[in-house]
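I've put the structures underneath this note.
First chain A sits with chain B, and in the next complex the same chain sits with chain C.
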Partner chain A sequence: MLRLEIRGITKSFKDCAVLDGVSLGAEAGEIVVIFGPSGTGKTVLLRLIAGVHDPDRGAIFVDGQDMTDVAPDHRGIGMAFQNFALFPHMSAFDNIASPLAARHLPPAAIRGGVERVAKLLKIDQVLAHAPRELSNGQKQRTALARALAGSPKLLLLDDPLRNVDAKLRFEMRLELPPLLRQSGSTVLYVTQDYKEAMALADRIAVLIGGQFVQVARPDDIYRLPETVQVARLFGDPTINLIDVIPHTAGNGVFATISNTAVAIGEQYRAGVGRAALLGIRPESIKISDAAAGLIPADVVATTPLNERLVTLLKTADGHELLVSQPATERAAEADRRVGLQFARDDIVLFDKASGQRLQAANGVGRS
Partner chain B sequence: MSATDALSLDDVDKIYRPHRRAPVHAVKALTMNVLPGETVALLGSSGCGKTSTLRMIAGFEAVTHGIIAIKGRSIHQLPPAKRNVAMAFEGYSLYPPLTVRDNIGFALKSARLPKSEESKRVQNIAELLEITDILDRYPSSISGGQQQRASLARALVRQAELYLLDEPMGQLEPQLRAILRGRLKHYLRERGMTSVLVTHDQTEANALADRIAVMEGGVLQQIATPRELKDRPANLFVGTFIGEPPMNVFATRPEMSNGRVRLLIAGDEGLAFDYAEAEVGAAVRKALASRSSVMLGIRPHAIRLGQPRLKAKVLSNQWLGDQSHIAAAIAAQTIVIVAHQRIDVRVGEEIPFDVAGTDLHLFAPDTGSIIAHGGVPI
Partner chain C sequence: MEHVSTTERIVRGVLITLVLAFFLFPIFWILLMSFQTNETILRIPPSLFFEPTLANYTALLTGQLKTTAGNLDILFMRNLGNSVLLSTGSVLLSLLLGVPAAYAFARFRFRLGENIAFTLLSFRFAPPLLVLLPLSLYFKQLGLTNSYVGLIWVYQLICLPLILWIVRGYFEDISPDIEHAYRISGHSWRQTFTRIAIPLARPGIAAAGLLAFIFAWNNFVFALILASADKQPVTVGALAFVTASGIQYGQIAAAIVLSVTPTLLLALYAQRYLVEGLSLGAVKG
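On to the complex of A and B.
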């Protein structure tokens, strides 16, 4: 376990800036997921920490010591960078044993170390097999076991569940957190799958365009995304974004959607008169019979999504909205006029021009 | 085969006979129908026979045995162009010298529409599929995903008796998927279009199809509505293939005495799913009486937390914003539980849970075929 801190890291390849002054701290034993769309520099960041690349600017601290200019193998931090490719001529056992063997441990210690992780990952029955005799799932687990075997203080995992079928990915997603906790490692984990990020992370660092746009606990990112872009990267189906211009009426602040004034809360008083995007998650909208005060909309189609029903609706003024509800609830009939409502607390408001979340005067989106 | 079917396949086989290699029986005795206005999805993993089936319907592959008919008229010996079928799939690409707009418009030529009506239809379908910005580009200059949507648009604007769509939403960015699925479903339904789509993605099949034909090893396993596939899977394959996360499966030994029905969990017979006779129904009891073992299937969403019938020790508890996924250990096995709300339990805690007798699925251990669903006889 160690504390990792990167400060102001910048990295360009040729003239293309990949990372633009990023800073991030990971506490000892913490799992930090680096999440973002492809091509945003996630892998480059891991490789910089691993020492495969040197940063143009910035520094990497391990337990308070500057390690930026120390060669990777002299950093003394027992780092594991997961590599998918197993050595084809070696058994699963020897693959997993390789980081231990490299340290010249006695055979009994190597055997003990391999068997411990193999058992955790449920591959203890196939240790004698060559990689070609393993199923895809077993190969994946073997690669992960190899990364964990050396009890690294810092574990760098680069999208380890990529290229795994949905069933196995789900299984591994459930199994990974207890494994990573038991390893005691500080973990940096790269993924493009928001569900994986939410499921595994103590904190998620959202990397977009070479910068961390938001670093926070999973639920805070989901509920209070800093920008429209972050909001759209989390959630399935994607968050609804509706063009509004907040206005006041009486004592309240309102947004008008499809000719219906919706109270959005006092905290958005600063947004009055500005072009804004009202964000509301599909699972936060309730469909009822059409009635005064509700947003009128017509049902376009209902498309089941696992055990949820996703309904596409069109408001009277032409906005498309998605609503997601448990499949145990009754589906709205196609072409029916219905009324939509949502709780004020479930709204996030963004400045349309900048895409930034509009904050309350006291700096909190909502209590 | 019936004249009321928009499409019917009757005992259709496809055998590939590659040179100097063993023949491959890709589709085996496939019999199914598609009703007028219905959307049927062929769903399965690669090599299950779904694409061969689609290609036979389109006319790109010869039928080895059996009959394919549209509205009761056999078509499997007609060339593709004579079948009045609109297609969007790989190997049926856009015309490179034409812009996307002209590619889509070309499909409308035979309808001899006024120019303004033709361009209106092209514009509408392009808006629906979010490709208006590439209408004036050439196929070679757009991405694979855009080509796929342009090809889908070209098929959908046509008048045809049947629409064949291969992975229609395959390469779409996740942010667009839900809206485009909704629009496409509405478009197909509003126009009463009969369609067959092929996909390996059950999410797509569930979203778009009225009925899903699940294929495996060239054999149709079950054709049913998405709801029926979940509630009444025909066999263990369908039961575990359909549903995300997949169904939990336990090997059990049934035991009936003193007015109770117990399913003892193999490996730890101290643990059992234990029901009063009335909770599981007479037909199930009858089916169980002659068996020494059954596979018990339980959907992750059917597990109710907090009501004690059994206990499991929590391994993970993951909140994904709109649902909780929990893994828990019971009898050296992992059970997966899904809830629509946040569940306040920690790793290491024991959680009580219940499964209603009506939510049990019982399969034969040897064949995998269904014995009983939730107290309802088969």
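On to the complex of A and C.
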């Protein structure tokens, strides 16, 4: 049985549809990251699951039990808010203790429970402080501790790293997965940072325009994005997209870029003759000296990015491409003519009109 | 403001002193008057030097007003008690009714909600004199004339809209997420209201309560029409000092000093409370 199942959730605010028939299931102990650009209803979805808002249509099940009409205090949920939402008039201890105190546990049990999570999150030395005396990082840890303290079946984390600085965010990215796994809760984690999503998720659910466009393991989303939009949201620098019309030659399927035929793999035979977008990640392109059979391109500029070297190139027919290489590679001088080679297995092909990834009829390349 | 030159500091001090002198002078003068007899008050030119007397206060406390025309019974202390009772009673009732209502208006959207809130506010627009005639007729029929219950009820016109609208603003300033977080932790909405919303809106509730208290305390016309001497507050009771033999300035001054004292003490007490509330940074987590 699924720990959490939401079926056909629809929610609009003042005639503006935010969620449009969203369904999702999560196993016990699974970490599902809900990822999407801002304003796509990620937070609303969490709030619906928490019971803070009511869905217009659809149902929410926890362990097979219909929770749609159950009050938030009886859903067995822990939630951390983006703005922390700590109780300003209570100490960090009382904040963290609140899910335990609500169950009328004896004081010793409450103290034990609070100290356990506080130690895990390394805030045991600031428990007596009021929220206003805590640093941003400590506030965020307190909020997480409060969500974890009740050992909830379902842990909802609404972009908890949004309001902390980059260094802390990175630390937490390392710290969180073991912590969340240890809790045993099923985690729904909302973020709009694709790196955070990739780092934490068992599965990523990509929410765009009020619908899940793709729900898959992080690797699959990165390698085989379902739509152009998903492809663009993951990856830095972003994926290169080139207008092509695939054609066949001999046994293979090819796309022509700068008068050079590029093999794009059998599975895209469905795209032959159609206007398509060829997607290739910057790290899947190899730069070498210009030679026959390679795509000719001129180097425009190079710049370092996160220990990698990013090169902007312009192909002979005017496409601009980004290539990302390990920083150990020597930077190509500007204006130099080079040859590009696309890693064939990393090429994805999208239908230009719909933005959907083209898939083979026999299911090859399906995520 | 680290680099304040000496001149600036002096100028600022002088200006503040001037402002304070301007505003506090009448109160200071009244305080002086309360220790003088009518003769020394009315002498020309007025002087800061006089022989202080406690006669005014004794008169008020004993309820015996000695005038040149003879002795008059006055109910000043009774009036003062009435003021305390009426103001406290009506503020407490308003808080009891207004705070939950303010919370409802702040947090829930319901049919006609805004209209109801505005109607309550509009009670403050109505000129009391216009309302009084029908009100006194009704009160006669209901047997509420000259009763504390009736007056406290009418005082809701003064206190309730004030408390409702001020406290509503404070509730709206509390991030709903803080309340959501408390509910999700496993608490009922009632616990959320009493343990999160009320404590966080406390500075607002205190301010609104204080303001309502002052308005209720200063009210004159409702009690003038709807109550007789034994139920009237000081504002109306002070009329007794306008006697056939002249206006008793000394007693009026003493009465003012006595009647200002409770509000002043309350304000000083609440001010400490307000500042504490504000510095708590109550709303932002």
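The rule we apply is simple: the second predicted complex is superposed on the first by the 353 of 367 C-alpha atoms of A that agree within 3 Å, B and C clash if a C-alpha of one lies under 4 Å from a C-alpha of the other, contacts with A are read in each partner's own complex, and residues count from 1 in each chain.
Here is the rule we go by: a residue touches a chain if its C-beta (ideal position, glycine included) is under 8 Å from a C-beta of that chain, and two chains touch if they have at least 3 such contacts.
This is a predicted model, so every value here is computed, not measured.
Engineer: Just chain B (first), just chain C (second), both, or neither: which does A:G150 touch?
Structural biologist: second
Engineer: Determine, under the contact definition given at the top, whether A:L86 touches first (chain B), second (chain C), both, or neither.
Structural biologist: Touch partner of A:L86: chain C, not chain B.
Engineer: For A:A50 in the superposed arrangement: first (chain B), second (chain C), both or neither?
Structural biologist: After superposition on chain A, A:A50 lies in contact with chain C alone.
Engineer: Touching A:K14, do we find chain B (first), chain C (second), both, or neither?
Structural biologist: neither
Engineer: In the overlaid three-chain picture, which partner chain does A:R330 touch, first (chain B) or second (chain C), both, or neither?
Structural biologist: A:R330: touches no partner chain.
Engineer: Given the touch rule stated above, what does A:P72 touch, chain B (first), chain C (second), both, or neither?
Structural biologist: The second partner, chain C, only.
Engineer: Overlap of the chain B and chain C footprints on chain A, residue-wise?
Structural biologist: The answer is that chain A has no such residue.
Engineer: So in the complex, which bits of chain B are touching chain A?
Structural biologist: 174-175, 177-179, 181-183, 185-186, 189, 203, 206-208, 226-227, 243-246, 301, 315-316, 318-323, 325, 327, 334, 336, 338, 340, 347
Engineer: Mind listing the chain C positions that touch chain A in their complex?
Structural biologist: For this pair, the touching residues of chain C are 175, 177-178, 180-188, 196, 199-200, 280-285.
Engineer: Under the definition above, what is the set of chain A residues touching chain B in their complex?
Structural biologist: So the residues of chain A touching chain B come out as 166-167, 170, 173-175, 177-178, 195, 198-199, 218-219, 222, 232, 234-238, 281-283, 300-308, 310-312, 320, 322, 324, 326-327, 334.
Engineer: Can you check the complex and tell me which residues of chain A touch chain C?
Structural biologist: 47, 50-52, 71-75, 77-79, 81, 83-89, 98-99, 102-103, 131-132, 139, 146, 150
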